[in-house]
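In the two complexes that follow, chain A is the common piece, with chain B as its partner first and chain C second.
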Partner chain A sequence: MALPKLAVYKFASCDGCQLSLLDVEDHLLDIASVVHIANFPEASREVVEGPYDLTLVEGSITTPHDAERIHEIRRQSKYLVTIGACATAGGIQALRNWKDTDLFASTVYAHPEYLDTLHTSTPIKNHVEVNFELRGCPIDKMALVEVVAAFVQGRRPNIPEYSVCVECKRKGTPCVMVSQGTPCLGPVTQAGCGALCPSYNRGCYGCFGPMESPNTDMLAAAWQRLGVSHRELVDAFRGFNAYAEPFRIASDHHEALAVAQGE
Partner chain B sequence: MSEMYVSGQSGIGRLIQALAESGHRVIGPVVRNEALVYDEIDGVEDLPKGWTDLQEPGRYRLEQRGDEKLFGYVVGSASWKQFLNPPETVLWSGTVSPDGFMTDPAPEPPKYAFFGVRPCEVAAMGVLDTVYGSDNGTPSMGMRTATREQTFIVAVNCVEPGGNCFCVSMDTGPAVKGGYDIAITEIVHNGNMRYLIEGGSKAGAKVLEGMVNLEEPTEAELEARDSSLAEAAANMGRTLDIEDLPELLKGNARNPRWDSIAERCLACANCTMVCPTCFCNTVDDNLSLDGTQATRTRKWDSCFTLGFSYMHGRPMREGVGARYRQWITHKLATWVDQFDEMGCVGCGRCITWCPVGIDITHEAAAIRRADLRDTPIGIGGFA
Partner chain C sequence: MTSDVRRIDVDYLARVEGEGEMHVKVVDGKIEDVYFGIFEPPRFYEAFMEGRPFSEAPDITARICGICPVAYQMSSVHAMEYAFGASVGGQLRTLRRLLYCGEWIESHVLHMFLLHAPDFLGYESAVHMAADHKDVVELGLRLKKAGNAIVTLVGGREIHPINVKVGGFYKVPTKKELLTLVPELEWSRDAAIETIRLVAGFNFPKVEQDFEFVSLSHPLEYPFNEGRIVSNKGLDIAVSEWNDFFLEEHVERSNALHSRIRERGAYHVGPLARYALNFEKLTESARDIALEVGLGPVELNPFKSIIVRGVETLYAIEEALRIIDQYEEPASPAVELNIHAGVGHGASEAPRGMLYHRYELDSNGRILKAQIVPPTAQNQLTIEDDLMVVLEDSLEMPDDELTWVLEQSIRNYDPCISCATHFLKLNIERITTE
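For the complex of A and B:
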């Protein structure tokens, strides 16, 4: 029986997430033994034509060309999984969604007329149907192995949607917000990183995007009691997952308050 | 009561040594990441000498006391359940080969000595013994039981309760009420740190008999111990009125207070993770990519996650108010129906480690003030 065909596509992104597929080291040969890596330009010049059984998509949609291209990829893909903050939320480049892209283009490029760019950076799910989203900036490479394994075995991936706090406590790390007064996005952020930052006495930066039921209002109020301003809250929510809805609403809310209060 | 001994700090060091020499991994309080955690200790010098923990709702700070006390703080940030029921436990693993399916041998249970267990924490272990030992308990808890049976418990009575402590309300402290091998009370007598030590089991008495240089306490020292404990009992940081509490909570399923909690609660699950009696877990089955190796892992879960109540295609407790209500009602009401006692021991961790400082004693009191049991059926209760 032929192995399922795997394709990897890149949109606006840094390549870090798709490279984690090459970074799985011990598991790479195992992956190659259960799927046919048919289209993965970062790994091989050999490109086998579609359709594909499992397609991994990295990056966000930022150009009219990409907005077209993703539809063709969807048509070629039986099961489409987006990987990383760019593909699932628009990425750090979604900060453009609050700014004037024409101004950026004319500032950076000598001939902006050669550019054909959208005014927004949006996640793949805003354009086509997505079968599963793997979060993170970057994704966790073992989580990617789990997603591939789950696909091959025809089951739901074991990827949690609860808060970073659950991982943090399983690890035995005392809460940095409670014991050190360090603002932390952990309570509103999805687990998946192994609660990396709190174990080094840092607050969470929200790399895995909003958790399943984020209460950004109350967390923001707790941050304010620690002396954080509305302006700083805007910056905190506008990170790698700025355009994910709960974080977007929270940052807009605090931006309005910052303006109203003359911060 | 078994025989009471007294010593200075050197005696505490010798006790740790004796436990290590009898093959125990000695676990005790240590300072890490600006908080008290339980970890392996080699001697008395590893204990948080001179530290205290200031605990308020949603706030915890370690501070220097300016004295030489070895036990001048209350409970650690995480409970002892991390050792008896670890956050992640491989229930079994196995490999399939042409010869068939073989399960891997289970590891040997570790032999612990827990040093510096507070009375509420000893009580919490008893609460979980009932849970795991009863017909209602989670199956395949063999490892927990085996570990628990050979764990040596050195309890330390509380003479200075913390800001969020309410063991008196739950009748679990400040003096340990059984379930220990050795109990220690730290007192300051005539300006000296003195440790009153008593055995609570045959194993404990045997360890104490083997120790040299333990003295007989004076009447004054015994009196100082008793008065310190009485003073502690009168100085609890919080109280929880447990009178009729199970019926109160069960009869207020539709109290608007749950909506107010839902607005404040982050559903982050910190309270349940740090709780010494919360035992809910989830089981992950993992299969290697080639399908030859299977692992079944039990992980701490929480009734605050959506996945916890997910069945038939949707979570049964979508709203955060419903999740908090489930937690507190189980802890203080339906736990009694299941196990004949409450699932709370009054350690105060859920209050301290809630990032937004939601206080279980405060919420229970609020429900009591706004008791809806006498309002018409359909408004107040489950009806």
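For the complex of A and C:
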């Protein structure tokens, strides 16, 4: 029987999430034995034509060309999984969505007229149907192995949707907000990293994006009791998952308050 | 007069990080134009960092590159510390070197085994190569894992580490934790020597260029985080003088700014440059094996960069072992910062070459202006020069072979196009007029 065909595509991104596929040193050759790596330019010159059974998409849509390209990729893909914060939420480059992109372009480039770029950075799901989203900046490489394994086995991937707090409790990491007074996005952020930052004595900064139904108001109130300003709350929610809806709404809310209070 | 047009199109250069474009035009056997373009969708890092707190720079700039996030973290923290007049010394400085050793090992080994070796052995990818050389691929994967283990332990995770901060770290490892790395690093030292002998046995196109090599240089050590910027053609400047001696230009064919040395032009950053300018600072065994396999103290053949990556991998392993051996847990994970307005410069040696950051900060430490010059942007002109030289020697090759050797010569630089900015189209046009 022919192996299912895997394709990997990149949009605006750092390459880190697709690199995770090469970073699973112990499993790379195993993965290559259960799926046919048919189109993965970062790893191979060989391009086997579609359609593909499993397509991994990294990166966000930021150019008119990419906004077209994703539709062709969708047509070629039976099951499309977005990997990482750029593909699922627009990434850190979605900070442009609050700014004047023309001004951005002229800040970095002497000849902005050479560029062909959109005014927004948006997640893949804003453009085409997505079958599964794997969060993280970067994704956890073993979660990627789980996505591929689940696909091969014909089941839904077993990926947690609860908050980082649950992971801290499981690891026995003392709460950094309670014990150290360190602001932490853990209570509103989806698990998946293994609650890394609190175990290194720092607050979570939201790499995995908002958890299911996050209570951002309560979290913001708790941060303010620690002395955090509205402006600093805007910075915190406007990070690597800035354009994910709950974080977007929270950052806009605190931005309005920061302006009103002259911060 | 009629024209015989011969054209080769490759829409996407494989086995590089990101996407770019190359165009070659040959008329009557004479090369008319060669260009290497980059069409990565711009992400505007330098613009959206304006207004963000200084403390976010290592986390934000890490996201420029998933392959070398440590490099971005290091150049940014050094720039911020420069602005604040802070000095991070002792074991904290040494731990930064250890973290960098981990990134050099995993990045160099990724490139040697998974991206570059398949060119020399004639395979489309390392997975194809594994069908005939499984032991080689497995050796590479295990060696890469040893590098990742360092980054994971010191940095928290291998991609976008979370433990680096301006002033030091959030948490420092214990000696006992670091000692767990030793057995695998000892295996890795032998594996690196085996790797150097293996890659030195590949066939190399005979191509040399009179490069201007540029790298950091430190009086006591092979450069990672600190030093002066020097070249083999007389450049010797402080990192803070970067903009006085280098120029970034925006040309139409590229979404990455081209760098050149003012009034001189193209230059070369990366392993060949570091090696040529710092050979004496390598460990004795790294120098010995380099000479044993036939490298000179200066190597001008860009295809032999794969051997130099092996030598640097061995160096990084031995340096990591040295650091772990002398390590004593520092009293505090970070130094205190005196936050004030200022300008900071930082340069460090990413696996692909020197990476320069400059920030202007306001009195609250918020970023007013950011400038980031990644190694691949600096190498763009040199890559084009190489393509020209390789083409001149290889015009008699059939199109498929020529295409492959040109791709390979771009891969000599382990280009990180995501860093520099994405879309590599290879387009060879041959026109014969009769």
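In this text, the second predicted complex is superposed on the first by the 263 of 263 C-alpha atoms of A that agree within 3 Å, B and C clash if a C-alpha of one lies under 4 Å from a C-alpha of the other, contacts with A are read in each partner's own complex, and residues count from 1 in each chain.
Basically, a residue touches a chain if its C-beta (ideal position, glycine included) is under 8 Å from a C-beta of that chain, and two chains touch if they have at least 3 such contacts.
None of the values given here were measured: they were computed from a predicted structure.
Colleague: Just checking: does A:Arg202 make contact with chain B only, chain C only, both, or neither of them? Give me first, second, both or neither.
Modeller: Touch status of A:Arg202: second partner only.
Colleague: Should A:Val34 be classified as contacting the first partner (chain B), the second (chain C), both, or neither?
Modeller: First partner only.
Colleague: Thinking of the overlay built on chain A, is A:Leu257 touched by chain B (first), by chain C (second), by both, or by neither?
Modeller: The answer is neither, since A:Leu257 touches no partner chain.
Colleague: Looking only at chain A, is it chain B or chain C that touches more of its residues?
Modeller: C
Colleague: Look at A:Gln153 in the shared chain and tell me whether it touches chain B only, chain C only, both, or neither; answer first, second, both or neither.
Modeller: first
Colleague: Under the stated touch criterion, which partner chain does A:Lys10 make contact with: chain B (first), chain C (second), both, or neither?
Modeller: The second partner, chain C, only.
Colleague: Scan A:Ile249 for contacts with chain B and chain C and give back first, second, both or neither.
Modeller: neither
Colleague: Of all the chain A residues, which ones make contact with chain B and with chain C?
Modeller: 201
Colleague: Going by the contact rule set out above, which residues of chain A touch chain B in the complex?
Modeller: Residues 27, 30-31, 33-34, 145-146, 148-149, 152-153, 158, 160-163, 165-166, 169-181, 184, 186-188, 199, 201, 211-213, 215, 217-219, 221-222.
Colleague: Of all residues in chain B, which touch chain A in the complex?
Modeller: 32-35, 37, 58-62, 77-78, 82, 87-88, 263-270, 273-274, 284-291, 299-300, 302, 304-307, 320, 352-356
Colleague: Sort out for me which residues of chain C touch chain A in the complex.
Modeller: Touching chain A: residues 12-19, 40-48, 50, 52-53, 56, 59-60, 63-67, 69, 110, 114-115, 118, 124-128, 130, 134, 137-138, 141-142, 144-145, 148, 156-160, 162-163, 165, 170-171, 249-252, 255, 257, 333, 404, 407, 416, 418, 422 of chain C.
Colleague: Mind listing the chain A positions that touch chain C in their complex?
Modeller: 10-20, 22-23, 25-26, 28-29, 32, 37, 40-47, 62-63, 66, 91-93, 95-96, 99, 101, 103-105, 107-111, 114-115, 117, 121, 137-138, 193, 196-197, 200-202, 205, 207, 232, 235, 240
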